[in-house]
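Once you've had a glance at the structure underneath, I'll fire off some questions.
Labels run A, B, C and D following the written order; every chain starts at residue 1.
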Amino acid sequence: MNIHEYSAKELFAKFKIPIQNEIVCSTPEEVAAAADKIGLPVVVKAQVLTGGRGKAGGVKFTKTKNEAIEAANNILGMKIKNLIVKKVLVCEAAAIAKEYYVGMVNDRNTKSVLLMLSAEGGVEIEEVAKTYPEKIIKISVNPQTGLLPFQAREALFNIMTDGNEVRQAADILVKLYSLYVHSDCSLAEINPLVVDKSGKVIALDAKINFDDNALYRHKAFEELADYTEDEKLEIDAKEKGLAYVKLDGEIGCMVNGAGLAMTTMDVINLYGGTPANFLDIGGSSNPQKVIHAMEFLLNDKNVKGVMINIFGGITRCDDVARGLIEAFSKMNVNVPVVIRLSGTNAAEGRELLKGNDKLMPAETMSEAAQKIIAAIK
Amino acid sequence: MSILINKNTKLIVQGITGRDGSFHTGKMNEYGTQVVAGISPGKEGTNVNGIPVYNTVAKAVKETGANTSIVFVPAQFAADAVAEASEAGIELVICISEGIPTLDIIKIIPILEKNGTKMIGPNCPGLISPGKSMVGILPVNIFKEGHVGLISRSGTLTYEMVDQLTAKGIGQSTCIGIGGDPIIGLHYKELLTMFENDDETKAIVLCGEIGGDAEEQAAAFIKENITKPVVAFIAGQSAPPGKRMGHAGALIISGSGTAAEKIKAFEAAGVKVAKEPSEMPVLIAEALKQ
Amino acid sequence: MNIHEYSAKELFAKFKIPIQNEIVCSTPEEVAAAADKIGLPVVVKAQVLTGGRGKAGGVKFTKTKNEAIEAANNILGMKIKNLIVKKVLVCEAAAIAKEYYVGMVNDRNTKSVLLMLSAEGGVEIEEVAKTYPEKIIKISVNPQTGLLPFQAREALFNIMTDGNEVRQAADILVKLYSLYVHSDCSLAEINPLVVDKSGKVIALDAKINFDDNALYRHKAFEELADYTEDEKLEIDAKEKGLAYVKLDGEIGCMVNGAGLAMTTMDVINLYGGTPANFLDIGGSSNPQKVIHAMEFLLNDKNVKGVMINIFGGITRCDDVARGLIEAFSKMNVNVPVVIRLSGTNAAEGRELLKGNDKLMPAETMSEAAQKIIAAIK
Amino acid sequence: MSILINKNTKLIVQGITGRDGSFHTGKMNEYGTQVVAGISPGKEGTNVNGIPVYNTVAKAVKETGANTSIVFVPAQFAADAVAEASEAGIELVICISEGIPTLDIIKIIPILEKNGTKMIGPNCPGLISPGKSMVGILPVNIFKEGHVGLISRSGTLTYEMVDQLTAKGIGQSTCIGIGGDPIIGLHYKELLTMFENDDETKAIVLCGEIGGDAEEQAAAFIKENITKPVVAFIAGQSAPPGKRMGHAGALIISGSGTAAEKIKAFEAAGVKVAKEPSEMPVLIAEALKQ
């Protein structure tokens, strides 16, 4: 789960990471009042859960109240990478002397939280990582000791020289690590971390992702979420025991298992079709789950046909077939459906489906993909 | 031979009294796996289908000499269960539980390292050495004894692959589902090395998926260290960036972790890549002939 | 720093350790209202920073409101081990099925937090420790992993058998450890930890000591303190750079260094005198510090004479002597003072003191002790 | 010989630019201790009285081959400084800083153990091998080369004892103030063993104080393991229970940790106990004669 900059900054404040004076606003009037309260000049920043705000014109430096209001008028409601800006953050304009990048992420390779630092702050770090990987210092944090201040200093001396800056930045890193583990983050970034002209080190931006698996420990974070319509569908599906991701294609897929579900999409693609979604119904033959799954598929107006791909493992295919028949008997399905059953008792399962005019059987995944692609042409 | 588990594996089941724990204990037992004890705090002295239950892993290990454990406890308690097994001297822990917070796993990694404990998973279907032992939730009927080692990040995709191999008469030495989470225990490199050193294994199937760069690393590793033929498959070729495909680890971030990159890496390392699962038995059969 | 049971319980509640329904009260009227709110029967418990409340009559089980008021009247204002009871805690009366002891302490031997458990709950644990040490289970907690739930369970199965109780108690121990390290405790005890008749595990009492060295990290704890007059003196002294502890004797001591200060008390004692205090002025010859120190000594009405015992190390004795002379020139001291100077430049120091009629010099600690004892007879 | 420090000790000073750090660096240098570097983050490239300053201990160790460190940084940063020294490969850390939160020390103990780092202190005056090296804040003029090893929980009491020994012509091999905190690094047992194995040491002075049971343990340990004569002294015989006597560790809790118990334990172990400091040179002289 991602949260907005202003929410991340509130968390920063709670962990005593220095941030600027700033106020989140939803209307130009609020922006005007915020500018008064903070004192001009101010920066008005779009709050959207994506990168590249600056390039899209979502960040404006304003010297007068009228400029601030104008910026608010322009930014509020604008679309950045398909996301509508509903809030802006009005910030004190910092007198920036230096900009750095610092971040932490759950790292697959070191199996630890990886601390990342770069002297190239304020730019897209993914670009730096691709073009100049050597400009990013990476330090694996031992989870048993946490990030110790001396380790933070050692790391920072790679990108900074001034002792006073290093001390402040080390303190910020130690606090950020504390925030990271206490909040079950999967990513936390400060880009840029700036040194202002008075020598003070401040987090000028903040990006935080939480580990979805750990959200049960942090009920209070729920209200920080700002899900898109598609993400709301995913969450709704999750509550029904389904892993669902909406895509742009025409063929709805219903599969048991994430790897097989991805492969089903790939095979549809391979034979010239376009998958409308990723959908993993898990390991049960429960008809209710199938009904829920079909509802997700059919609610997608782009779906012209459905491919069901089940590998019977512990659950036998004949049981799955019975579940499917029961589910489909209760539903009004007006698009072609191809079912491929494989694995334990697959033949018996296919036998049960025979003669069911709503459900076209297929023997292999490739055959199923080809059949459904043909059916919707 | 076979890798990791065999007829001498002595297994305990953590969470044996739960629904999944008791069900799969029955299945493993039926297959011939030596299930020597179960753990369920407070239920010491009882038994599940004749298997004695202990309060703690330490006690179970002491009383039964168990060397392997399978963890079925709910996600919020699962990392603790793995740590308990490790501290009790268990050598191999298979963690089936799905949805464990990543930092819980990160926190126990040093405990596993300190004790030299191997972990498979979490969020995995387990492993099987056909005809010898099965530790997991795998449908045993699709497997067949033979000479192909299989490593896979996903469950049903593994079954699909194995089913296709078995249908063509190609048996398996050991098949391992390593788990779909971003941070897992044994990974490609360690397992490839084990298969390389296993007399019974003549070829290796590697089923990867999008997310991370483990497949790229495996490709480089294979080129340098593995002499046996390896055939790969990558799931998620049509997955868009920024969307998590079911598995917590299956995620393309900022254009990295794509299937295209992984396939390219394997091909550059001389590893054949199956376009779809049905191509796998063909490529493996060719490999075995050489 | 010790805190009252009710403050410790508030901290428990913050860390989600189950406690009873309870209200802290300062008057019998508040107790009556609390009894109404909680529902009778209730237990009225004296809030004093010492053990043995029960034996002293400071804990009463009351079935009626009048009994509660009477208990409040009796307990409020009573003295327990010289401490006046100013507050009582009114608690829901628990239906106790079983009582246990659990505690944590910074342990010198294992250099770790030691978890202690005993099936002998509700009694003075020091007694159990002395008489039946084997009845206390001790587990050293690895600070790098913290107390893991399985470790708590393993430990608890030594004193409990029921899985449901163990699970609840393990959860409490894990939370108590978290409280312990987050709050920089030096001791945390739940005695008794009870299982009530419904099978619920609850902390019925709570004792917490904080590490004084770490209080700077926990400013909010300051208001939980309830210092005695003597302790207030100690804190006042600490703020002036002195380590001072008031005792009951007649000879005020002023010494540099804690070990030497204790030894000075011992030597006074050895020669038949009684020390009025422990006082370590640290390693400086600053006259202001000496003046502060003398003020503490002379404010103690029991003090009939003063023994100053200085070992000059890095600080030279002649400098110390000058400091003492300057300090005494500014003060009105009407009790005999013996000064012993030793170490670096001791002879020069003693030379400087010669002829000063306020300050009797001595060559050794023993001589100084004997001189001051003789002087006050 | 001598223990822990000698002419080959290469010392770094953590917190060299602070008031205490720079003052005592001068004193140690004067005494002949090889002070090879100082640490002060951000001041790399400068020097203090000719001693080069580095940003990190790791760098200083790499550049100078230092093996010992003394820590003068303020209490709230001191445990981190000790950990830094340990992780940088320093073998012996002397922590002078007073007032360190006990849990800070507890947290770094496993780091020290992992790296095999010895720690003296915290809240200690350091140690001296007279004529060879001094690492601490000790007044060097009172010490004299000789054959008595001294271990003490307090500072000025140590000076008092040493002064009395030196006045009677009894020199010292190594004198160590182990610190007045409840949890400290090297303790009686380790140091007694080092003195037992040190050719130069012929008798041992042990200055204990109230609080804990380290003296009782030392007594039992001496009885079993130490052949050289040991004379003890215990400070705090007249201290009441429940009152902390200056040192964080000097506290009698619920009647345990009293001087009486400790004296009894030593006497039971055949260790003579001086009644007051002036008795120490007498007892030591007797011991050395035997």
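Criterion: a residue touches a chain if its C-beta (ideal position, glycine included) is under 8 Å from a C-beta of that chain, and two chains touch if they have at least 3 such contacts.
Nothing here was measured: the structure is a model prediction, and the numbers come from that model.
Engineer: Using mean CA coordinates as chain centres, what's the chain B-chain D distance in Å?
Structural biologist: Taking the mean C-alpha position of each chain, the two centres sit 53 Å apart.
Engineer: Rounded to a whole Å, what is the gap between the Cα centroids of chain A and chain D?
Structural biologist: So the centre of chain A lies 55 Å away from the centre of chain D.
Engineer: For chain C, which residues are shared contacts with two or more other chains?
Structural biologist: If we look for residues of chain C contacting two or more partner chains, we find 144-145.
Engineer: Pull out every residue in chain D that's touching 2 or more other chains.
Structural biologist: 107, 110
Engineer: Name the graph shape formed by the protein chains and their touching pairs; answer line, ring, star, complete or other.
Structural biologist: Drawn as a graph, the chains match no named shape, so other.
Engineer: Okay, what are all the chain pairs that touch?
Structural biologist: In this structure, the chains touch in these pairs: A-B, A-C, A-D, B-C, C-D.
Engineer: Please output the residues of chain C touching chain D within their complex, sorted ascending.
Structural biologist: 106-109, 111-113, 126, 142-144, 181, 184, 186, 211-214, 216-217, 243, 245, 247, 255-263, 265-270, 275, 278, 280, 311-314, 342-344, 364-366
Engineer: Going by the contact rule set out above, which residues of chain B touch chain C in the complex?
Structural biologist: Within the complex, chain B touches chain C at residues 40-43, 55-58, 77, 80-81, 83-84, 87, 107, 110-111.
Engineer: Going by the contact rule at the top, pick out the chain C residues touching chain A in the complex.
Structural biologist: The touching residues are 144-145.
Engineer: Touching residues of chain C toward chain B in the complex: what are they?
Structural biologist: It is residues 144-145, 148-151, 153-154, 157, 161-167 of chain C that touch chain B.
Engineer: For a test of understanding, state which residues of chain B touch chain A in their complex under the given definition.
Structural biologist: For chain B paired with chain A, touching residues are 27, 75-76, 99-107, 109-110, 137-139, 141-142, 152-160, 163, 180, 182-183, 207, 209-210, 212-214, 217, 233, 235-240, 243-250, 254-256, 259, 275-278.
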